[in-house]
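Multiple structures are listed underneath, in structure tokens.
Here chain A shows up in two complexes: once beside chain B, once beside chain C.
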Partner chain A sequence: MILRLLAGSARGRLLLAIGLFLALALPWMIYPPIAMDIACWALFAVSVDLLLGFTGLLSFGHAAFWGSSAYVSGLLAVHVGLPFPVAVLGGALFAAVIAVPIGYLAVRLSGIYFAMVTLAFAQMIYFIANQWRDVTGGENGLQGIPREMFGVDLSDSFVFYYVGLPIVLLGLLLAWRIVRSPFGRVLVSIRDNPSRARALGYPVDRYRLLSFVLSAFLAGLAGGLFAISHGFASLQEVYWTTSGNAVMMVVLGGIGTLWGGVIGAALVVQLNDYLSTSEFDGIGIVTGSIFIVIVLVFRKGIWGTARDLLAPRLKRKRPGGAKSPGDDPAPAPAPDVNAPA
Partner chain B sequence: MKRIGQAAAVAVTGAVLAACGGGPGGGGGKISDDKVVLAVLNDQSAIYADLSGKASIESVKMAVADYKAKYGDKAAAKEIEVVTADHQNKPDVANSKAQELYDRQRADIILDVPNSAAALAVANVAKSKKKVFMNIGAATTALEGASCNKYTFHYGYNTYMLAQGTGDAVTKDGGKNWYLVYPDYAFGQDMQKSFTSAITKAGGKIVKADPTPFPNDNFSTFLLKAPGLSPKPQVLGAMQAGGDLVNLVKQYNEYKLKDKGIDLAVGLMFITDIHSLGSDALAGTKFSEAWFWNANPENRAWADKFQAKTNKRPSFAHAANYSAATQYLEALQRGGTDNADEIVKNLEGQKVNDVFAKNGTIRAQDHLLLHDAYLAEVKPASEVKEPWDYEKILKTIPADQAFQPANPACKF
Partner chain C sequence: MTTAPILTARGLAKEFRGFRAVDGVDLDVAEGKVHALVGPNGAGKTTLFNLLTGFLKPTTGRITVGGRDLTGKNPEQVARHGVARSFQITSLFPQMSARGHLELALASPTPLGWRFWRSDRLLARYRDRALELLDQVGLADHAEMPAGNLAYGRKRALELALALALDPKVLLLDEPTAGMGLEDVDRTVRLIQQVREGRTVVLVEHNMKVVSSLADQVTVLQHGQVLVEGPYAEIRHDPRVISAYLGDADVAH
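The block that comes next holds the complex of A and B.
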């Protein structure tokens, strides 16, 4: 965070301050367990955005990493009694480890083929979780995950939010560092033109694989924290709709913006929460309609569109429209998911 | 400044959707907040919406109205509110909604909660908040087994009841040789075990038990080999549920296995399944039922009242929600307080005899409601005289045989 404060532009600093303020104030504004859900989903959406927006790979199987980390974190907390941040880290590392073979096979493909292969692997994980009931509890889920650290009971959701939030913020910081690093620049170049990146001598597949593994690690952090926060891990966590939800959040918020994932998560989680007590039974219709409207009207998502509105003012202020190194990269064009491999 | 405003507006967009709630703290009276709040948490938009869903809210409201009518001025609970939330069949939503219902809506009890993962998650919330939870919609025996707790009650049915009724009764009626097909995941495996023990105890035999993929569209491999098994099975026991069951039954009919002397018995079926499939497709299928609306005049009278409000006939889950809410209010009336510990004390060992539960007892050891269950058969369309009249009750399974003995793994 400090890095950003030092290196960022005035606008960046302001946004960061607003973002941090909102993150800290969230449990006062909304119900704390929902605030925690938003934080977890935000990190999850950012992990998907790292792949989709900055590497040009649409993963439709990120639930595999979110979910397997949820189970592993839960198991570590239940059976080993690790304090929850260690358990979450363990889960995230596990997610990163299984991402290596999956990514190794998947990154050779792109576009729809990549999406299908990741989906297939995620379904495999789903079936393992469903069948291996001695460990995962089958469809009953892994229940009774303790929410404590060094014997301190954290069952108060309000307290837990502030204990869990640093994990999410560190995850977001890591994502931000990745996309701002030279490595991140290479990823963007691979996204925009893989052939050219290859011609320039970059081992494209290896970069993609590393990006995939890092993304899985972040998704794992989010998933592990989610499981600890709820006190259980269920099959829902590894189901394909969970992957779809994360992709939807990114698209709503804005692909290739990082912030967009956070906004998308806040929107979708709260919409779901609000609709579930509204006695209106067409939840899918509402979220689906919003999704369609955003995709049709705001092609770059909420954050992408907002930033476009801000951009002309920025240019006027800085002659030549030069961007400082810490600025967000130019709004990314949506990657062509239909491009053949 | 306008730029800041825009940025801030966008950043806040996500944060303003939910309304901020939170009421005043609890009062000092015997009824917390001077109000009793009954919460119905179930699936109102996904696969269990028909089985229970919004109509269960009406059931609970009917229970409240009947309670008020019965006690009038003597009612311990003067003000009763019914609130609800839709868990969309997602355990994590159920978990946070349950917390919210107890904390913010000041719910004194949560009812229903189909889907076993969601039910177990809510049971944990009830335990930590020390509030009453009466589960109706979930079938898992873990609720009264290893995962049981002092504040959780299981009310209506479970996998043991489903297996016991069908397996035992059909075998004793002459269906000695069984071919079991079960979906290969926890529910299916449980059902397979329960059926096997019920059938062998009744003197029957499992010719073969085959796991099938889950979910699955094509059961022809299993159905075609059934007549060739030795000895030839008399009953095909299908443990599939929902969409899988629909496919299996359609294929069972296409292969005309009934004409080849193989009856169909189903592990888990609800009246809503028959309604959506059409009773001809399932005619003759035997299954366990917790309650049927047209079984006797008393049920029917209640079903008429229910229909006046919801425009459909009740499933057993609707009746069980009514009964559970009634028992909760009766326990509240006896103790004169909505204090959860008092309510639990008043519910334990309670005898229940109402429109839903016949010869019922809430077992003190594991908080499972024992009551008479039924073996039912689906009528052919020619015998169905009115909409929803799909079932013929073949026999009553007495309460002490319908459910399992208390599991020693359950300790409060």
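The block that comes next holds the complex of A and C.
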């Protein structure tokens, strides 16, 4: 049923099969904790793309959701002793709840102002995490998060990967569902021409807000799982560079492609791992250079460019959409014609 | 006039950094009529539309629709009160098919748009009505074409179909025939004649032939103010109107 849902075309089914195979084979090919990192960052990047690529909003503060869920999931596991999937769900719900007031204030703005406001709120969360040592452990981070479920010890990273992966897959499924829903159709129309969407009677800000909250929930799922996987939550999780990393992964993979974020995450996490084990201390320079090259050479990101090369056979008609929402990177948002600035 | 106006503006003004684009406009649009707004470029017609549809907040003045005060309401609220508009500068979703546009418009009064957990195939329930509307504006053969690829005249037709899809009480059309070929103009005039049944139409139009064949009432704007108002037959010979349009052959004869 889910397979039918996911892949209407033969090619889609093939891609799905390859993707699932790679996801299942990953801890055989690379160090399992890194495989788990890739899975978490992939979901995080996809959550950012839901906003950036499908709603037209660049959040530069998603670390607030990833990070606060990391802390809350950790606290729930440490103090309440919840099985880890429940703790992660709790963290993600917390992220969604704090996204309501942040989103409420931010979605009225667009472009760089939206990015700045989300960044400012994320910095506030960072400040709280840093100051509230009794709870968060301050600079030491929240230590000793157990990795267990119903008394079953999951400290083996290889085993944990397979127990944690379904959370990521469910998160990705939800993201895909959102993009291919009536709601997703409205989001894309808002991205492309907010004035026109308004004139049709769609309350644009409220749609943006729900998209923001859903995106925060997905980022929270990813961040919570990340903290459980590592056994601790650190300040790094709420630091602005974490937001930046997720945006970078989306741009590398391709904005508005949804799955591009997965590719971007795999690339960046692996590269960081490779560079840090090689005791090279110019990681930022190398990732930055690769970033610039990819952005310049592949304007639509890796996934977007690969898909264009495989087109037009890959393109299938979708009901109502000449192209499906996921088939094109976000164009520059149309100017608000006839509308006030 | 016996019927109460369905749309009114009182002392409506909009100031852009000290420049009054709309300057104290009083307007009464009678229910069921076609009311044309004419005037030279820059007279403030589009700005007036933006005020009436909530895209701009008036500096001063009030707006009512069906006796309800809609001053300061935002565009989506105005749309929900049965006022739909088309844009002078075509405003579409370039990657979406013509049919997709109409399905989206037809779904807008329903909560379907919020269903993020359902398949977008549900929008296909509006398919038949969407195709009907496309047929009405002569776009039946272009239902699946992305709006960005449509020829100019067809984009204008899609604009019109979108406004019609909302089944509004009041239809505001900003230069619906601008840039159209003669044939398309004729079809659009016939279409407006057809859809005016049961609704009120406010029309910004430069083509005086269109105005004369459609409008019951004409308001002439100049410098953001109402210059003259009356039936077309009366205002067309008004010397003030002729001088406002000086050089514009359409009105001069």
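Descriptive notes on the structure:
We take it that the second predicted complex is superposed on the first by the 305 of 341 C-alpha atoms of A that agree within 3 Å, B and C clash if a C-alpha of one lies under 4 Å from a C-alpha of the other, contacts with A are read in each partner's own complex, and residues count from 1 in each chain.
Simple rule for what comes next: a residue touches a chain if its C-beta (ideal position, glycine included) is under 8 Å from a C-beta of that chain, and two chains touch if they have at least 3 such contacts.
Just so it is clear, the structure is predicted and the values come from calculations on it, not from any experiment.
By the document's definition of touching, of the two partners only chain B reaches A:Ser155; chain C does not. With both structures placed on the common chain, the touch criterion links A:Ile283 to chain B but leaves chain C unconnected.
In the superposition on chain A, A:Arg196 makes contact with chain C only, not with chain B. Touched residues of chain A were counted for both chain B and chain C, and B has more of them.
The interface of chain A with chain B does not overlap its interface with chain C at any residue. Those residues of chain B that touch chain A in the complex are listed here as 3-4, 6-8, 10-18, 20-21, 44-45, 49, 53-54, 84-88, 90-93, 95-97, 99-100, 103-104, 116-118, 120-121, 124, 128, 140, 142, 147, 184-187, 189, 214.
The touching residues of chain A, when paired with chain C in their complex, are 5, 177-178, 180-186, 188-189, 192-193, 195-196, 198-204, 207, 210, 214, 317-323, 328, 331, 334, 337-340. On the side of chain C, the complex with chain A involves touching residues 46, 49-50, 53, 55-57, 74-76, 79-80, 84-85, 87-89, 91-97, 99-100, 103-105, 107-109, 112-124, 127, 144-146, 162, 166, 174.
Contact residues of chain A toward chain B in the complex are 11, 14-15, 18-19, 22, 26, 29-31, 33-34, 37-38, 130-131, 133, 137-141, 143-144, 155, 157, 226, 230-232, 234-237, 262-263, 265-267, 270-277, 279, 281-284, 302-303, 306, 309-310, 313.
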